[in-house]
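Read through the structure below, which is laid out as structure tokens, and then see the notes.
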Amino acid sequence: MSEFLLDVKNVKTHFFTDKGVVKAVDGVDFKIKKGETLGIVGESGSGKSVTSMSVMQLVEEPGKTIEGAIKFKGEDLLQKTTEEMQTIRGNEISMIFQEPMTSLNPVFKVGEQIMEVLMLHQDMSREEAKNKAIEMLKIVGIPRAERVVDDYPHQLSGGMRQRVMIAMALACEPSLLIADEPTTALDVTIQAQILQLMNELKKKLGTAIMLITHDLGVVAQMADHVIVMYCGKVVEDAPVEELFENPSHPYTKGLMKSIPSLDDDKRRLDSIEGMVPHPLRLPKGCYFEPRCPYAIEKCKTHKPELKEIASGHKVSCFVATEEVR
Amino acid sequence: MLKYILRRLLQMIPVILIISMLLFILVQAMPGDPIQAYLGVNSKVNPEVKERIKAKLGLDKPIHIQYIMWLKRMLTGDFGESIEYKRPVSEVISQFIWNTFLLNIVVFILAFGISIPVGIICAVKKYSRTDNFWTVFSLIGISMPSFFFGLLLIFGFAVNLKIFPISGMITAGSRYTGLAYALDVAKHMVLPTIVLTIGSLASLVRYVRNSMLEVIKQDYIRTARSKGLSEKVVIYRHAFRNALIPIVTLIGIWIPTLFTGAIITERVFVWPGIGRVLYHGVIMRDYNIVMTLNMFFAILMLMGNLLQDIGYALVDPRVKVE
Amino acid sequence: MFKRSLVFLLVFCLIFTLALSGCSKETNSDSQGSGEKQVADQISEAGQQDAQNVKKQESDSTVPNPAKTRDSSNTFIVGDSGGFKGQFISAYNSSVTDAYVMRLCFSPLLRYNNKGEIENVVAKSYEVSEDHKTFTFHLRDDVKFSDGTPLTAKDVAFTYHTVADPSYDGRHIAVVQDIVGFDEYNKDKEGKIKFMEGIKVIDDYTISFTFKEALRINIENFIGQLYIMPEHFYGFEKGHTEELKAKQHEILGSGPYKLVKFEPGQFVEMEINENYFGDKKPQIPRVIIKQTEDSTQTEELVAGQIDMIAGEIDPDKLEIAKEAGFIDFYKYPRSGYGYLKFNCQEEPTNDKNVRKALVYGFNRKAFVDTFFKGLAKTQDVPINQVAWGYTKELQEKLTSYDYNPEKAAELLEQAGWKLGDDGYRYKDGKKLTIHIASIAEAEMWEMVAGLMAENYKQIGVELEISMMDFNSLLTKVYDEREGFNMYSMAVNFYTPDPAQDLYSNWHSKFDIQGGDNTARFRNDKNDELLVELRKEFDLDKAKKLYEEWALNINDEMPILILYANLYTDLVNNRVKGYNPTAIYNWSHDIVNMYIEE
Amino acid sequence: MKSEAIKKADAQKKNEEQEVVGLWEMVWANFKKNKLAVFGLIAISILILLVILAPIITPYERDAVDLLNAEQPPSMSHWLGTDELGRDYFTRILYGGRISLKVGLFSVGVSLVLGILFGGVSGFYGGWIDNILMRIAEIIYSFPFLPLAITLSAILGTKVSTENKMYMVMVIIGVLRFPGLARMIRGQILTLREQEFMQAATALGLSDSRKIFRHLIPNTFAYIIVNATLGVAGAIMSESALSFLGLGVVPPIPTWGNMVTYATRSYVLKNMPWLWIPPGFCIFIAVMSINLMGDGLRDAVDPKSNR
């Protein structure tokens, strides 16, 4: 068993639309150790969600993972059959989504939806599953769990529903939990509770978390290791302290600058000029070149590769790698 | 829930009364009087004698008095006598209504039995060959007048291929009983059932397909898949349970059709159903038959609507039953 | 698979449009009027021979006949699209189909045979009193009902009293309304008067009926009108006909057959009545009348599922039956006609010349020959073809109103309707518009409406047609009696001596609300003749009266007779011994018919 | 077609300024993807075109009787042959189409307007308004179609010209159909009313009518379109059923419905196919194309449908 729980090598997931091929995920590499939290940061449209869906093999038409390998506990998920994937989903890898309001089936009781996973993967009987469901609800901090188990989703608040999602995801004690912007739709106070809950559960159940977010604050608080994605590629990969102290890729620097900090009295926030390029008309060289203040000639013509500039800190940018050397 | 049902039933009473009033006025407003219709042309009956018969049936009284007399009789369960058949309306109706019910219950089961799976498949495999096929096929059903479609089937299967009988519900002169009788009726039912079922497929398949398409896009379907459920379970349990909501309204609409009978289809296949009785009742201005049948269908329709709303509450927990 | 059919559809539409845009305009080659005459004559010549000399058209008996291999082959199955109401007893009989069952299971005092002569049935003889007001009948003493009880004069009296009962709301009241004592009996609701004065049971087998007036046609009330019902079975207390109504579809009669089974809306099954008194015993073991649908009954006949269809007029269906090869054709002239009655009190058809012009102006022969393909002709007097009053000599004397647009135009000019520049005629500023109220019987009316609109346009008459269902028309014509110039209907007379029908249809006395004189025809000479015609007992004098009446009405033209058609009975050739006329159908002739194995 | 150069320039320009796609352009873009829907659009436009251009296309008058060549099979002078009275059948199909399509579209229009009004208002407000409106809808829904048709066509029989009588038939068909749609829309709005975007709309202080007709009704668009397109078929069928029962459009005026009715006789079915195939085929094409277009429109309009 390699020491990495999840080892993603050069994964490419493209969408074959009738207007052209959109390279949503264009050669992504990263690794997650057991019990570790990996943060995936990037603007919307950078391929974060598609990466997570590729891991789960739930990419919808017309998308398809055409290259690379996703080694989970040493086995490549891309070679698995649909049935094998179905035994993994919800059992060994489970997922929670951004929109708690619409992610639960409105016509089934909340308890039923949790019990379903337990009965499917742990083949428990109905009452065993019900008790476990109640237990899970208690774990995720839902008061009066015995009553809530028989409630319908529309009877719960957004925060409560996200807790139910987490209960459902962790019911089978998966080794990896993929959280696709879990707190974006919640207000700040609830957000903090959910994040704190996820950390407790991580420690208690030893579940690795792949946390996808565009919020650097969340990453700082939760992640052990971070990768920054831009236009379907990983542009920087570093442990969290290293990244915050020493952001090397111009895009990461731009992101860092745009975080509002309490002690800074500047009224206008810095933002990165320009827009994310149209997926069908990507520049030839480095994708960030059109918006990069430090761009040099080479950036226009060649595509940078991820190179290690410090222990565990890689960056794919010519300027950044030269400077260090 | 029981309180709600009771309240809705109470609410129906004024509605039924209003319907009966409007219906009575409409039926009376139909030009042509039943006595003249019954006596027909060149009956050589003296006009004063005609007046005497009208007086006997109370047709000469002003409309509101006739209505009150009719209402009193209805409340005591006496539906009056048919001018055409000269027998109590209840007796005439009971002879024919069950034939209509028999035909329509089979059509109901077939129509929903086919359209639900087909609708789901067409939704899941959108724009596939099967989806296109069923879209066009089900449109054939509603773009052909039923008598035209009926006759085509008769000339095709009954006259040329001689597989099915041409008309009627049982073979004339046959002394079948028990199973043989049932088989004989079944043989006679095939063609009318095809006409009525295909006729209704178009709307059912489309409604099921569209409600499924709406549901399949929802987030909770993605969640279901992420829980490792098989595609079958995701579609038939999670998706279909939500698509059931608009389908329940269709069942409500269908309840009355179980009894109203298709006037034209019953006529083309000489199926002794209630449709033909109603048609003749209207043509011959047989007031009691027309009033009783239409009141029965109106009440059925109201029940159907109630069933719909209850169905909603059962199927969709979000709808509170105030 | 589906893609290809899609492409085909698209290509078809494209060719369709290309063909259109590419083609050149062609003028409408032949002229309207003259062409019509040639084709009408060709078709009608063929039709006329067909009708006149060949009464029965033998079919080829070698052709395989599916009816022979049918499981109920010893049964004679008649298809009828009219529809049962299950009112088999004579008092409440109101549909042609129910009447078949009545004639098979009950018997009348007298009836017409297939030569149009009066034939004795239950009555073995009758005589008329000096004052011609009383008819005395002597019954056969060997007539029994199917349960063996003998039929006596009491049963006859009972039958004639049921239709006079105060609570009776059936259709046969006209049979007794002219008998002495009817009004007193009919108005007495308390049931004090037990018998009508005019009906006397003299002994078990003799009964007399006395009428208010001495009319020849009174005898008609005993010819095939009421079929005798046994009092011991159908008896009811006066004023309570609901007891009789409850037994409408139960049958205890003295006819050749008795009821086995009645399946409402499907069929009626009858078998031989052993106690039948008739000299000629029935030879077909079982008879079934099956409910059919117009558009498929010919196919059932050709498939051998039914043996007979009576009274067919559609040439297309006759064609299909002919192709089958094993169907015999029995043709007979209809005792009645299809017509358009004028409203003689409504502008502009109150003017005799306008009426005549409208008859001359419409090519009835073209319509008849196109629609009936020769199996019908037109008439110029409202009487049934089989009436003995409608003699050859009379027909020669009548002015014929064959299609003559010039004469029509001339008559309209005389009536003061001058041709306007828009091709229509005007008088005192009003356009000559004819409103026709019609029932919506699609096939025939589509053709009449189409032809008439064209023909009348040419003589400057505008036609407006309003369609409605049968009973709306009845009310407009019987009650409203205005708002239309012509209305379309058809009628049948069930007697060769229709004096009573003519009286109630044309006498001005009946030009009242609910009266049968719907043409609102008022003519003194016509009234006098009709009154005499009903009375005259001497047949030769009666014929003279018929002639005078016909010539007068032929000149007044209150009615446009569209067609007097031939009926065709289609019978499977395994059934023999049948020869019908319009008033003597298979249910009269059943005892002479047999099935050849 | 646009030359290559212009297309390239367009692409360039598009890339620079942010791609702004109006709602209808997006709808049209989605609609174009659905081949069946496009086919439906073409077919129905051809039919409508033919029907409108009837007087120009065919030299014959609609009711011109010509007994000399009655019941002729299709020939050069008569592309679709002639009927029993020798009238040019192709001409009658075109004029018949005018009325059938008018009946279909007009009555669906009536039932749409009433259905949306009743369904929207009662679904949105609920409470006693919902109760009353639904009861009214129920009363109308319980009205038997046949007696009403007979009564009105008889009462108006002579006073109203045949042209207006047709519109009256269309209104009856429309009015009697709307309760079904109203209930469907009400059901949808009951569930939609609960969702957040409605709370947002209330927060923005939108007027009720804007909420109902700008926000709620478009969400029920899928059902409205399906009901409307099926409604067209239903209306054409009702008209033909009326003529089968003798109360629809009056001869000699043709509609596809009564032409099929009149041609449905065993003799005609066997020997004169040109009398029953064309009208039946036209009805089928009209109904199919309208429904295919409806499907395409529904998919195209629904933003979430092709995420």
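Note that the chains take the letters A, B, C and D in the order they are written out, and that residue 1 is the start of every chain.
Here is the rule we use: contacts are C-beta pairs under 8 Å (C-beta built on N, C-alpha and C of every residue); 3 or more make two chains touch, one makes a residue touch a chain.
These figures come from a predicted structure and were not determined experimentally.
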Geometric centre: closest chain by C-alpha means: B
Chain pair, A-D or B-D, that carries the greater number of C-beta contacts: B-D
Separation of mean Cα positions, subunit D and subunit A [Å, integer]: 49
Centre distance in Å when subunit B and subunit D are each reduced to the mean of their C-alpha atoms: 24
Averaged-CA centre spacing for the pair subunit C and subunit A, given as whole angstrom: 89
Centre-of-Cα separation between subunit D and subunit C, whole angstrom: 44
Subunit C residues counted as touching two or more neighbouring chains: 295-296, 299, 468-469, 472
In subunit B, residues with contacts to at least two other chains: 30-32, 132, 136, 147, 151, 155, 159, 283, 316, 318
In subunit A, residues with contacts to at least two other chains: 154
All chain pairs that touch each other: A-B, A-D, B-C, B-D, C-D
Subunit B contact footprint on subunit D (complex, rising order): 34, 36, 131, 134-135, 138-139, 141-144, 146-148, 150-151, 154-155, 180, 183-184, 187-188, 190-191, 194, 222-223, 226, 230, 233-234, 236-237, 240-241, 244-245, 257, 260-261, 264, 266, 269-270, 276, 280, 283-284, 286-288, 291-292, 295, 298-299, 304-305, 307
In the complex with subunit D, residue positions of subunit C that touch it: 6, 9-10, 13, 16-17, 19-20, 25-30, 32, 35-36, 38-40, 295-296, 298-299, 314, 316-317, 319-320, 366, 370-371, 435, 437, 439-443, 445-447, 449-451, 453-454, 465-469, 472, 483-484
Partner subunit A, residues of subunit D touching it in the complex: 15, 18-19, 33, 194, 196, 307
Touching residues (chain side subunit D, partner subunit C) in the complex: 36, 39, 42-43, 46, 50, 57, 59-60, 63-68, 70, 77, 79, 84-85, 87, 150, 153-154, 157-158, 162, 243, 245-247, 250-252, 258, 261-262, 264-268, 285
In the complex with subunit A, residue positions of subunit B that touch it: 218-220, 222-231, 238, 241-242, 315-318
